[in-house]
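Have a look at the structure below before the remarks.
Chains here go by letter, A, B, C and D, matching the order in which they are written, and residues are numbered from 1 within each.
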C-alpha cells in the first residue's frame, strides 16, 4: 500500500504517458505541419471527456439498475447528469479551438489521415449505446461503418456494451414502477381527457377568430390542429400508442410516457419535483448532444466546403442525419405537445398529495 | 448645450422609459403570469442588441460604400464586425435564459400573445436585409408573412431598407475592385488550374488505393469527386459560374469569388492578411447567425413539442428552413472546396509580393 | 379587457420606448461618438437584467417570508435561483461586448458623462439590499456615495427596500425553523465533535510525517491547523460563535449555520437534498456576483489604466473592495472548513432517516 | 515511411496511452472515490492544453527571435495568439466542471494526494517563463517551492527554459526596432507633450467645477490627478522611466513603451493596425490568465473554505498573490493612462502616413 506524502504531480497524473502521446503523422512523412499538434491534442481531450461521460453514465446505470431505486441515491444521479451537461458545454466550446485550424492549414496534413475518422471513436459510440441508441435506431451509414470501418476488437467491445441495459430502458422502468401517477382510487387520466377536450375546443376558436388569417389559412391550421389532437388520442389509447411507437414516434413505453407527463404536470409536489429534475436533466443532455452535432456540422462545412471527409464520407450529410436520428430522449421534448394549462389541471386529491410529500410533515401537510 | 458635470445615471440611460416598458398581457387579463416578465425582458434585450447590430452594419456599409475604400478605415470595419460577433454570442447565450421558462409555465400566457410572433421583429429583418438577404432569397413563408403579418408602416420601413446597397453587394464590389488578384503580367489562374489538375489526380489515387473500401464504394466516391471537379470547372469558367450563380449556388460575382479565393490562398502577404481577416469575420458572423437559428430551433422544439407557434406557424419548420436558406456569406464557407495545399501553390512573383507589402519596407522587402 | 388576437410584436414589447431611449451625450455636444451607442445599449440591457433579478428575488422573498414555508413551493425557489444564475452568466459575458470599446474610443465621450457612475444603478443596489447587504456591511465609499451621489428620491427608494426582510435573514430563519437537524433524542453535535477530534489528530500526523517539509514548516503548518481547530471550537460553542459573528466572520445565526452544515453532511436524504440544492444555488449566486465584480475590475483596469472613473473614484479600488466585502453568502463557502469525511460521519438513526424521507415509502423505507 | 490509407483513429491518437492513464490513488488505498476520476481527467486535459500553449508560444518566439521580423509572418503570430486566447477560455470554463466535485466528495481522496500540488505543473511554469516571468518577478512562496517541491530534473528543465529569450523581451525588441514611431524629421513626442499639458488643464477644470464634490474632495482628486501627471512626466523622461521600471512599475523598455503608445494612438494606419492587433492580443492573453487565476481562487475558496491545500499552502493566498504579481503584459493595460483624446492628437505628416501604408497605394495614397 502506498505511503502517504509520496505523491508527485507528474507521476500522479501519468504525464509521462499523456504528454508523450502526440505523434504527428505529417512529421513521419517528413513535412511537419504546425496545426496537426492542435488537431491531435483537441481530439485527445475529447476522448478524455468521453471517457469521463462513460464513467458517469455507468455509475448512473448502476444506481438505476435496481428493482427498487433508492430515493437517497437519486440526488447522486441528478448530480452526475448535471456534471455531464457541464462537460458537454466544454465539448461544444472546444469546437471554437478546432476552428482555429484554417481550411488551408488543414490541407497540409488532411490526406495523411485517410481513412481515419471521428466516427471510429469507440468512446463516443459507447456513450450513444449507453444512452439508448440501439442497432435498430442507427442510420444506414452507421450500420455499414460498424461492419467495415472498425477493427474486430472494437466491434466486439461495442457489442458487449450493447448487451447492457441502457439508460433509456432504465428510465422507462423507473417511470413505470415509480408511484408517480398511480394511487388507489385515483382516476387521473379520465380527468385529463376532459381537460384536453376543452383545450382543443378553445384552440379552434382562437384560430377561427384570428382576423389576420384567410379562410384557407384557418382551414389549414385547424387541419394541423386535428393532427395534434390525433396524437392526444394515441396517447390515451395504449394500442394506438404502441403502434406509433413501433414506427419510431415514441421511445418510452406507454406507461413510462404517461408517468413522465404526470410528473411534468404536477412537478411542484416534493416527490415529483425530484423526478421532474431528473427528466429535465435527461432532456438537457439530449439537447446538448444535438447542439454539439449542429455545431460540429457548421465547423465541418467551413473546414471542408463540399469535399468529402477523411473517412470517405460526406461529413456534413452524416452529421446532419445523426443529428436528427440520434435523439434518445426526444420524447421528453415532445412531451410539451401534451401539456395543458395549469388552470385546466384537475387538483390532486389530499391523499395523493400526502403520498407525494415528505414524511416529516405528517398526514396534515399542505 | 448641456453643462458638464450634470449627467445623472438614471436620466442618461433613460431608465424612465426602459424600466417602465414591461406590461404583462396576463396581468391585463387579470391572471398575472410570473414568467411573462422574463419573456418580455429577454425579448427587449434582444431588440436592443439588434438595434446595436443594425447600427454597426450601417457604419460598415457607410465605409464600404465608397468608390475607393480607404485602407485606414478597414481596421474599423474589422473592429465593428468583431463586435457584432461578440454580440451574437450573447444572443445565443441568452437562449439559456429563455429556456428557464418551462413549457408548462409558458402555457399560462402563450395564448394571450396570439398572433404576435418573433417574425415581426423589424430590427431583425433589417439585419437580414442589410446583410444581403433580398426578396428573391426569402423562403415562401417569409414572403407571405411580409404581406400579411406586418403593419403597413413596418412594411414600408423594410422596403426602404431594401433600397440600400447591402453588405454582400459592397463586399463583392470591394473584392472586385481591390488590387488583390490582378497585377500586370501575372497569370495566376492558369497556374492554379494546373495545380488543381494535379490534385485531383492524387485524390483519385487515394480513393483507389483505400483498402478498406469495396470497389463499389470506390466508384461511388470517385463519382462524388468528379462532381467536385465539375465545380472547379465552373469556377474557372465565367459563363458556367454565372449560370450556377443564377441557380442560387453562389452569391458573390465571379470576379469577387476569385478574389476571395486568392486572398485565402496567399493570406500571409500584408495587404491580403487584412482582407483575409475581413472575410473570416464575415464568415464568423454568418456562422453565428446559423448557430443562433439552430439553437433557437432546439429551444422551440422543447417549448412547444409539435404544437404551432403563437404566430400560427410551425416554429420549428420555419426556423429550419431559414437556417438553411438565409446564409448570406455561405460562399465563404464553400470556398474551402477550392483551396489547394500550400505546397502545390505557385509562388508569387517578386513584383506582386512587393505590391502586397507595406510601403515602408521598400522594394527589397522580403 | 383586451381582445384575443390583437397583439402586435412591436406594441407588446413597447419598442417605441425601448428603441427610442438612446440619446448620445456626444451628439448633444455636437461630436457624435460612434461607440457611445454601444455604451448606452449595454448599460440598458444590464438594467433590464437587474430588473429581472429584482423581480425574481422579490418572488423568492414572498415565498420564504411565511411562518411555515410550504414544501411544494421550494421547487419554485430553486427554479428562480437557477434562473438568476443564468442571467448572471449573461452579465459576465456582456463585459466582452463592452470591452470592444477601446480606451481611445472611450476617451471621445468619457468626460461628457461626469459625474454619472455605474454606482448610481438603483436596480443593482436593490439587488444587493434584497440579497442581504445592510448599511452596516457597506464599505466606507459606498456609505458616502449613498448620501452625496444619489438623488433624494433614489435614496428614499433604497431606504424603503432596506425595511424589507432580506433573503439572508429569510434563509437563516428557514434553516433555523426547519426540521433539518433537530429530532427527538438525536444528539448529533456530540457525535460530530468526537469525529472532529479524530480528524485533527490525523491531520497533524499528516503534517508531521511530510518528508518534504522542514521542522520549521511543520510547526508553522500545525500552528495554522490549530487556528482552524479554534474555529471548530467556536462553531460548537454558541457564545464564541456569536462573538465571532459580531466581528463579521459569520452572517448566519448559530443555529442557522449548524443546520446548513448538517444539510451538507447528510445531503443524500430526500428532504435534505432539496435543502442542499437551495444552499448550493445561493452559493452559486454569491460566487457569480464575485466573478462579475472581478471581471468588471479587469475590464476597468484595461479601459482606464490608473485614471479615475467618471464618478470621481478609482474604479479599480472601489470594485476591489466591494468584491471582498459584498459576499452575502460567504458562510456557504466557508462551510467547507467544517466538513468531515463521509466515512467519519456518524450514521443517522433509522427514525431520523424516516423523517427525512418521502411519505410514500412508509416507515420501512431504506 | 508510413503507407497512406493505413491510419486508424485509436492508434493515431495513441488512445492506448491516453485512456489508460487514470490511476485512482483512492483505489490503491482500497477505497475508490468516484470523483477522483474527474479530478484526474480534468487535470490531464489541463496539461494537454498547457502543452498546446507552450507549443504555440515556442512557435511565436521562433518567429519573433529574428533580427528582422518578416511582415508576412506577423499574421501567423496573430493567429497563434488568438488560438491561445480560445484555449484559455476553455481553461476557465473547465473550472465549472471541477466545481461539480463537492467539498464533501473531495474529502474522500484529498488527503491521499499530499503533498502533490498544482504548483508542480511544469507545463504551466513553462508558460509563465516563456511569457516573461523571470526568477526576480516570482513571489517568495514560488521561489521557495521551486527549490523544495520540484524534482531535480524538473528544476533543471525549467532552468533551461529560463535561458531562452522570452516573449516579453522579444515584443520589446520588436517594438524598439520597428519603424513604428521613428521617421526622419518627425518630432512626435514634443507634440504629444503639448497635447498632454492641455488635457490636464481641462481635467482639473472638470474636477473644480463638479458641483457634487466638496472642496476637500476636489483637493483630494486634484492631488490624485497630479500623481497621474507625474507618471506622464516619467513617461517622457527616459531616466525617470528607467528608475520606475527598476522598481517594477514598468516591464517594457522606455522606447518599447513609447512605440506601443504610438501604435495605440495611430492604430488606423495599416502598418500600425497589425501592430495594434498584436498588442491587443497580448493584453487579451494576459487578461485571460488573470481571469483564470481569479476564477480558480473562487473555486478553491469554495472547495476548501479556510483549510490548507494538499501542497501545504493556503491555496487562496498563493493564488491571490500570483494573480497580482504575474501580470507579464500589465504595461499594455496601463497604457490607457497615457492615451489622449483623438481630437487632441497631432495629425501625422503625409510622408509618415505614406510610410505606414501599403506599397500598392503608391505615394498618393490617402
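The rule is simple: a residue touches a chain if its C-beta (ideal position, glycine included) is under 8 Å from a C-beta of that chain, and two chains touch if they have at least 3 such contacts.
Keep in mind that this is a model prediction, so the values were computed, not measured.
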Legend entry - Minimal step count in the chain contact network, chain B to chain C: 1
Legend entry - Chain whose mean Cα position lies farthest from chain B: C
Legend entry - Separation of mean Cα positions, chain C and chain A [Å, integer]: 32
Legend entry - Between chain D and chain A, distance of the C-alpha-averaged centres to the nearest whole Å: 39
Legend entry - For chain C paired with chain D, centre-to-centre distance based on mean C-alpha positions, whole Å: 30
Legend entry - Where chain B touches two or more other chains, by residue: 4-5, 111, 114-115, 206, 210, 212, 267
Inset, instruction - Mind listing the chain D positions that touch chain B in their complex? - result: 4-5, 70-76, 179, 206, 209-212, 267-271, 273-274, 276, 354-361, 365-366
Legend entry - Residues of chain D defined as touching chain A within the complex: 1-2, 4-5, 7-10, 12-15, 17-23, 25, 28-30, 34, 37-38, 40-41, 43-45, 47-49, 51-52, 55, 59, 79, 82-83, 86-87, 89-90, 93-94, 96-97, 100, 102, 111-118, 120-123, 151, 154
Inset, instruction - Within their complex, state which residues of chain B touch chain A. - result: 31, 103-104, 107-108, 111, 114-115, 148-149, 202-203, 206-207, 210, 212-214, 217, 221, 224-225, 228, 231, 264-265, 267, 283, 287, 290-291, 294-295, 298, 301-308, 312, 314, 333-343
